[in-house]
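To keep things simple, chains are lettered A, B, C and D as they appear, and every chain counts its residues starting from 1.
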Amino acid sequence: MDYKALGLKAGIEIHQQLDTEEKLFCRCPTTLRKTGEHAGEFFRYLHATVSEMGEIDRAAAEEMMDRRQFHYLTYDTTCLVENDEEPPAPMNREALEIALALAKIFAMHPVEQVHTMRKLVIDGSNTSGFQRTALVAMGGILPNGGVVETICLEEEAAQRVEGSTFSLDRLGIPLVEITTSPCMFTPEDVQQTAEYIGMVLRSTGKVKRGLGTIRQDINVSIAAGARVEIKGVQELDLIAEVVRREAQRQTTLLAIRDELRARRASVGEEVRDVTPLFAGTESSILKKAKVIRAFVLHGFAGLVGREIQPGRRLGSEISDYVKKCGLGGIFHSDELPAYGVTAEEVARLREHLGAADEDAIVIVSGSKEKTACGARQAQHRARRALEGVPEETRKMLEEGSTSYMRPLPGAARMYPETDVFPVAIPDGLWEEIRAPELLCDLARRFENDLGLDAALARQVVSSESLPLFRAAVDAGIRPNLAARTILGTLKELGRDGVAVSRLAPAEILAVLRAVEDGTVAKEAIPEILSAVAAGTAVAEAVGAHAGGMSDGDLATLVQAIVADRIDFVREKGMRALGPLMGLVMAEARGKVDGRKVSEALRQEISRVI
Amino acid sequence: MDYKALGLKAGIEIHQQLDTEEKLFCRCPTTLRKTGEHAGEFFRYLHATVSEMGEIDRAAAEEMMDRRQFHYLTYDTTCLVENDEEPPAPMNREALEIALALAKIFAMHPVEQVHTMRKLVIDGSNTSGFQRTALVAMGGILPNGGVVETICLEEEAAQRVEGSTFSLDRLGIPLVEITTSPCMFTPEDVQQTAEYIGMVLRSTGKVKRGLGTIRQDINVSIAAGARVEIKGVQELDLIAEVVRREAQRQTTLLAIRDELRARRASVGEEVRDVTPLFAGTESSILKKAKVIRAFVLHGFAGLVGREIQPGRRLGSEISDYVKKCGLGGIFHSDELPAYGVTAEEVARLREHLGAADEDAIVIVSGSKEKTACGARQAQHRARRALEGVPEETRKMLEEGSTSYMRPLPGAARMYPETDVFPVAIPDGLWEEIRAPELLCDLARRFENDLGLDAALARQVVSSESLPLFRAAVDAGIRPNLAARTILGTLKELGRDGVAVSRLAPAEILAVLRAVEDGTVAKEAIPEILSAVAAGTAVAEAVGAHAGGMSDGDLATLVQAIVADRIDFVREKGMRALGPLMGLVMAEARGKVDGRKVSEALRQEISRVI
Amino acid sequence: MSDTFTTGDIVAASCRGQPVEGIYITDRDGMAVVKLGSGYNIGVDPATCTLVAKSGETAVQPPLTVEQDESLPELAIISTGGTIASKIDYRTGAVTSQFTADDILRAIPGLSSIGRYRAGVLATILSENMTPSIWQDLARAIHAAIRDGAAGVLVTHGTDTMAYSASAVSYMLDTPVPVVFVGSQRSADRPSSDNVMNGMCAAAAAGADLGEIAVTMHATTNDDFCAVHRATRVRKMHTSRRDAFQSHGMAPIGRVDFPSLAVHLTDDAVRRGACTLALHDRLEERCGLLYFYPGMAPEILRAYEGYRGLVIAGTGLGHVSTGCIRAVRDLIDAGAAVVMTSQCLHGRVCDRVYDTGRDLLSAGVIEGEDMLPEAALTKLMWVLGNESDPERVQRLMTADLKGEIRRRSDHGL
Amino acid sequence: MSDTFTTGDIVAASCRGQPVEGIYITDRDGMAVVKLGSGYNIGVDPATCTLVAKSGETAVQPPLTVEQDESLPELAIISTGGTIASKIDYRTGAVTSQFTADDILRAIPGLSSIGRYRAGVLATILSENMTPSIWQDLARAIHAAIRDGAAGVLVTHGTDTMAYSASAVSYMLDTPVPVVFVGSQRSADRPSSDNVMNGMCAAAAAGADLGEIAVTMHATTNDDFCAVHRATRVRKMHTSRRDAFQSHGMAPIGRVDFPSLAVHLTDDAVRRGACTLALHDRLEERCGLLYFYPGMAPEILRAYEGYRGLVIAGTGLGHVSTGCIRAVRDLIDAGAAVVMTSQCLHGRVCDRVYDTGRDLLSAGVIEGEDMLPEAALTKLMWVLGNESDPERVQRLMTADLKGEIRRRSDHGL
């Protein structure tokens, strides 16, 4: 596609969890827990508050259509603040300083006084019904010339366990939100920018790692389309694809709109109760429904079923809206007969509703209230198809297509968090903040100064074990040994089922130091680390592989093996080294460096031939 | 027996529950509850307190031999005072005034200032471990010249439910304790005095009625015997028998003593572990015992099994002592072979212990600790048989024999209840107290003034329904009607399964008034009361039996019946009245007084013949 | 607030050299607070602010009258400043408390299915600023509402001193209908506020078969049910939790389930109509509450010289140090009624057990039985407002007037 | 007591004309108390009393030394006047408190299987008469006992102010061994007294793997187990029940089962040896605790003029009325440290939420976090005894020194 011609514009918001000691507005640790470890549980309802127009915000209202009890799991690592039972503590200084360090990297302007705001979120993921968020810095630049509009410090929401049950361990973990302007014009631009910002975040050394700790939201629009915000893109590799598919979606929706307009299509007003028509139906879904309703989409035939993204049709978009009422979705005539609905039933329905061939029909089934709600929602979305692309917040599905989530919030629903005092950022503090060395620079430095090859250097700096590597180098371990052990050996051991997560950094360093001291051979590292991970003390594990093969012992062993096969050696000469090496190593593996064995063998062979 | 010659002396203590609004030292009602209604439960241990001699009182120590948890049931009618969790309230004035009224009847001297004392009771029946008691008056006289030594006001103990579980509903109900001097010399004296005092107590109209609400303790001794206190004689009729049997017991114990002395009998010191001797025993009791111990009673043969009261032997007395250790009792050689113990085993035991034919052997079985305790207790009691009659507190068994309960308390274990202020009885108060009319006087008055026959009068005054009777008479009901309804009809209805306890006094009075008004016939009383007990309103029940048969209706009925059988009437004349009466009553029963029917029939017959 | 700008003005300012534009909110602690287009507030140097545009017209609240169902019982809502309803102006971020019936029904739509409402504002204060004279006004206002036909009265109140106010009104008012105090522990401007559930449950209680003054608040941290507490036996026992209010010395007199709004009253609850409407609105303000602590200087007691009444929250069964007893005696000799309660809060005072207690009794101290110190204070104000004879004061203080004393301690800790 | 008779004399008297004879006990309130042969006491007119015989020799307590098992850990018992042991003289009915190790072991024989004991009497007062200077003596005595080798210390104490004393000692003493305060709610002279179980459980706690100051008392109304409470988090919550002592803001740090005496400590409990023995025994006595109530006259605060510290038990999140804030500011301006706690007892103070709170903060009030008012008072005495710089005082008062502050509210109500 020619994205320039389409008028593609995109921006991103990156949300990154910080690895602070304590949460943003309470003193709980930022530890994630297994739900099985929960210590308690409670439940609440959330109530949309009345806006200044005397109306409830549409996004909020839609969340409440299907009134739900939210259940929350508590832990011995959560407190009354997460439970919305105690006012928040003052803002976490550690988190603020990380945000300021980032601001420094992007050459931003920190605000003079940070005000914490409440942003309404009533999907249950925040016990309070709002998310606390504060604007920390504005106006930064990216190396590619893009603009970082703002850095905000926010509290992470609770993790949804399932349905309307949330786990409070995650609630309140500090997040930085880095928002760019819509300054990107190709899918690849977006992905590269996200990669760059991710690298910057990791450069602080204070961000959480692993799945779910960083999330990208992408704003996409094409010229005649509308701004769509796609939430929760966790895989960096998918970003470009998501943008591509959204461009495709908007393009197709516009095409459908044009076709509908050409057909003078319209949405039927009347929703009919057609339950009796399906009295003897074989459709398992319709069979168990209390009420079945249907309405006509005049002139929509064929378009409801048109694909707008891989695996997604206009019908899917309508279904998404209907799901907000607590229903499973819709049936539409473009996909029927199917799902147990017979051609005869469809014909009868068409006749009953007076639908022409060029018309489509939408069917909703369920309880009386839910079907009434569902039909209204379906009509609403169908009408918007006549207008083109709705402004929406969408969520990414697997593979990069998206589904409807909620309307874009109108004006930002924000008001001050009066329980948290504003925090001044005096010039003195700002000056004291130091930007960390970027990982890309660090990789270059490791390449140049430590002699790592470029790929390994990049791997080291992007690894979670970077601090361990640096500590090892500081302790005088050879950089290559450190890097290969930390990145290679440990990974392999882990793959082989060794509990490498039980190894303390100090233990790994001690083992490496034993290698550097010559106490053990580097070949012994895997076995020693395995033993330590299994609970053996480092000294003991090292001891088991050290001293067993002094230079003298090695010499004796080599002499014995050579003497035993003296004819062979004399026959083969130095070519005997390879075969004999195997025999010696069978005895010496893990006790002495292979190069040393090879050298000793070479000398002995030289001596005897 | 010639009790004079025996030197019989007896005194009684009568404990009577008072029917006050509230308990003696808290504001709970004095209502007894069903244990199934209990609202809660708790448990405690009691600890004997150290006396001034640095020793624990022997009675207290014996209670504690078998250390027990006491469980208590609480109710919505008990409070923290019964739970021993709140200091007592001031002494109940109502109870004090009842005690003073009794003092007036017995012409006693009330104390000038009443001091509440704590009397140690650690059998679990008092949550505090003591009973609160206060001396109210001293020095009264009985019509037979006996002396009422004291009147005390005490709190009732908790009711034992079973084992070591007690019900707190009864704890704290006020009791008066009336103590006579040992001024009675025949069993019949004792019974008559108890009867008289009981009548005096009921004369107050403020005592509880029913089983367990009054309890007599009897002190008995014969000249060469010892003071024995027999607790908890609840049936008045048994008092004389209890005294007789105790005189018999003491006489026999003295005879046994003399015989033992003549035989130069002694108690063997050594207790032997004889468990191995019973390795293959068929005795189910010995089979399950961990340890079996035995010792010799030199010269006791035949005497251990001698009957000292119906169903009681010296062996039973020894068993009673052993039971304090938590054992079931003893075996002794006078009763063996029996209970699965063979003659061969007895012979082996005798041989093993070196027991001669004139010796008896005592066997205790159970755990190591309990058998050691039990053997000590058995030796202790056997030694006392050489001295004669031990001073003891005993409890009555069915039929009037007694069993050992605990030693007589040495000096009274009393010390001040500091949480209750002393209560002054000023002269003014004492003068205001009026002695109630004695029931014996009242019965005479009912006989003379109200025309009740003597038996009915006595029945009325001793009935719990006396207040209702008096209210009825005050309301103008004929005394005989009132008495027969209240004592007769209600009793019969109750026997027939009518829920008479549901009838409020006011309802009964209303029915009687309707009879006296002529609204209903007195024959209707049982049916009306049954209806009311079943839930019908009085007016409705009365209505159903009233007015249905006016004088006119009766006349019409009588005329019709006579007219129908006019030949028969003419033939029989006035002798037809009897047979016709039955026919009329079949229609009129409960609607009109039988005498009225008879009169109407007589007139009609007169008229037609 | 700045002299130069009004809330709502559009201003331009500089944030460390970065130009910003936004809505001017206020000046606070030397900073100007500006709301940016994104909704975020930031603090900027007021000196850098310049006016871009004066505040536009504020969107006027449409006079959208909420329909009330005339077939439902009429309930009065009397507001004292506790915010059961609030409104957020997202343009400026300002949160304002709402007091009219319409406002309240708009904030808690569920109320309209329980009753129809008349609302009145008695005060708009933080509850720590309550005074005995406002309690009197409140009792009069409730009395008037019931006289005028209200089938029940809701009093919205800040939670800090709600128990004091409710107990004060208990003594002043004999009521045949429910008078239900309600508040919220989490502010009404948040979606998680307990105001909705508390308000609906309180309204249900106000329409129920109850005839006394009560406090209705969350019973647990869940949104499952509210407890109905007797006014003289309830105390706020947590600074911030929803279920802060707890009955002492008795179980709550009822509960209201949510969202079913089923009301369950215990046998202890006084029923509707058990009492005839009457107002006895005199209070003696010169009464205090003193919390004893070890080592307290007797001079502290002198601060209450000239007072007509003093409630002491003593230790344990009701004690103060021997050194303070003289000062207590002086107050009593000077004509004050001194009532002993316990800082244990649970259980009954008993000054007969220990020496200092007996000395206090002989000094003339009145045992406060099992009254909460707070309920004893408001009672003492009421008793001394109506009675001056010391013996009758003593008799009233030790008698149960409005459930504040229970003759029997039949309830757990 | 009469001038004429001594306790124990045999006297004759007349009771409304009835002659009586008995042991003379005492004169009280104008009556002579005489114990009759039956054991009953009665009050008689002293004028009617005549001497029959002078008091005989009192049975001398045999010097029956209780055997102590030298293989058991040595525990110190320091008595302050709480009666863990008492003796009844049934001849006169008198109850006397007992304090020697022998006396205590005779009263609670079970103790001898837990440890061997040295006992000392520090004071014999009712606990409401405790003072900061006795707390200092107590801290010194405990310090000396530990220094001299005690493996644990039992402090017997009246329950009224036990929590105050235990918290005061907490700040003054760093201890490597358990220091366990214990008392009884039901007097030791009754068979049902909680003294036996409390004493044995406390001794077991004193021998356990604990390294802090604790209070060990009945956990329930049953004789089933005692709770071990952290000294700075415990409060007496009932006037008379056995289970009056309750931890606030955290679960008890342990329990001791009865009669097994098995000790279970939670992860929160500080372990034996975690701390080095040290004594910091300075206290500033000019500190007070003020309980705010609505309508409180600001003049009451003036009673604390000249004080170096004041703890306020404010309402809710930590408030006083606007009218009182000025008086608070005056105290602070005059050099006093004022610490805000809450009369809710549970939960954390937060003065950032409401206006009066913010005004208090700007007046210089120190937020007392989730401290109990009593633990804040003793802490303030200790902090001001050791520090005068206001900023350092503030820092210490808001820091957790001995478990009195928890950074996280992780415990239920």
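Definition applied: a contact is a pair of C-beta atoms (placed from the backbone, for glycine too) under 8 Å apart; a residue touches a chain by one contact, two chains touch by 3 or more.
Only a predicted model underlies this, so the values are computations on that prediction, with no experimental measurement involved.
Shared contact partners of chain B and chain D, listed by label, are C. For the pairs B-C and A-C, the larger set of C-beta contacts lies at A-C. Work out the mean CA point of chain C and of chain D, and you get 33 Å between them. Chain A and chain B have CA centres that are 82 Å apart. Annotation: 56 Å between the Cα-based centres of chain B and chain C.
Distance between chain centres (mean CA atoms), chain A to chain C: 47 Å.
Multi-chain contact residues of chain C, defined as those touching 2 or more other chains: 239-241, 317, 347-348, 350. Counting partner chains per residue, chain A has residues 80, 85-87, 418 touching two or more of them. Taken as a contact graph, with one node per protein chain and an edge wherever two chains touch, the assembly fits none of the named shapes, being neither a line, a ring, a star nor a complete graph. Residues 42-54, 60, 69, 80, 83-87, 109-115, 117-120, 122, 127-130, 133-135, 138-139, 150, 152, 411-416, 418, 422, 424, 430 of chain A touch chain C in their complex. Of all residues in chain D, only 317, 347-348, 350, 352-353, 407-410 touch chain A in the complex they form. Against chain D, the residues of chain A that register as touching in their complex are 26-28, 76, 78-81, 85-87, 418-421.
Contacts from chain C toward chain A in the complex involve residues 15-18, 20, 28-29, 31, 33, 36, 38-45, 59, 61-62, 64, 86-91, 93-95, 106-107, 186, 188-193, 196-197, 220-224, 239-242, 259.
For chain D in complex with chain C, the residues that touch the partner chain are 126-132, 158-161, 164-165, 236-241, 243-244, 285, 288-297, 299-300, 302-304, 313-323, 342-350, 354-356, 373-374, 377, 413.
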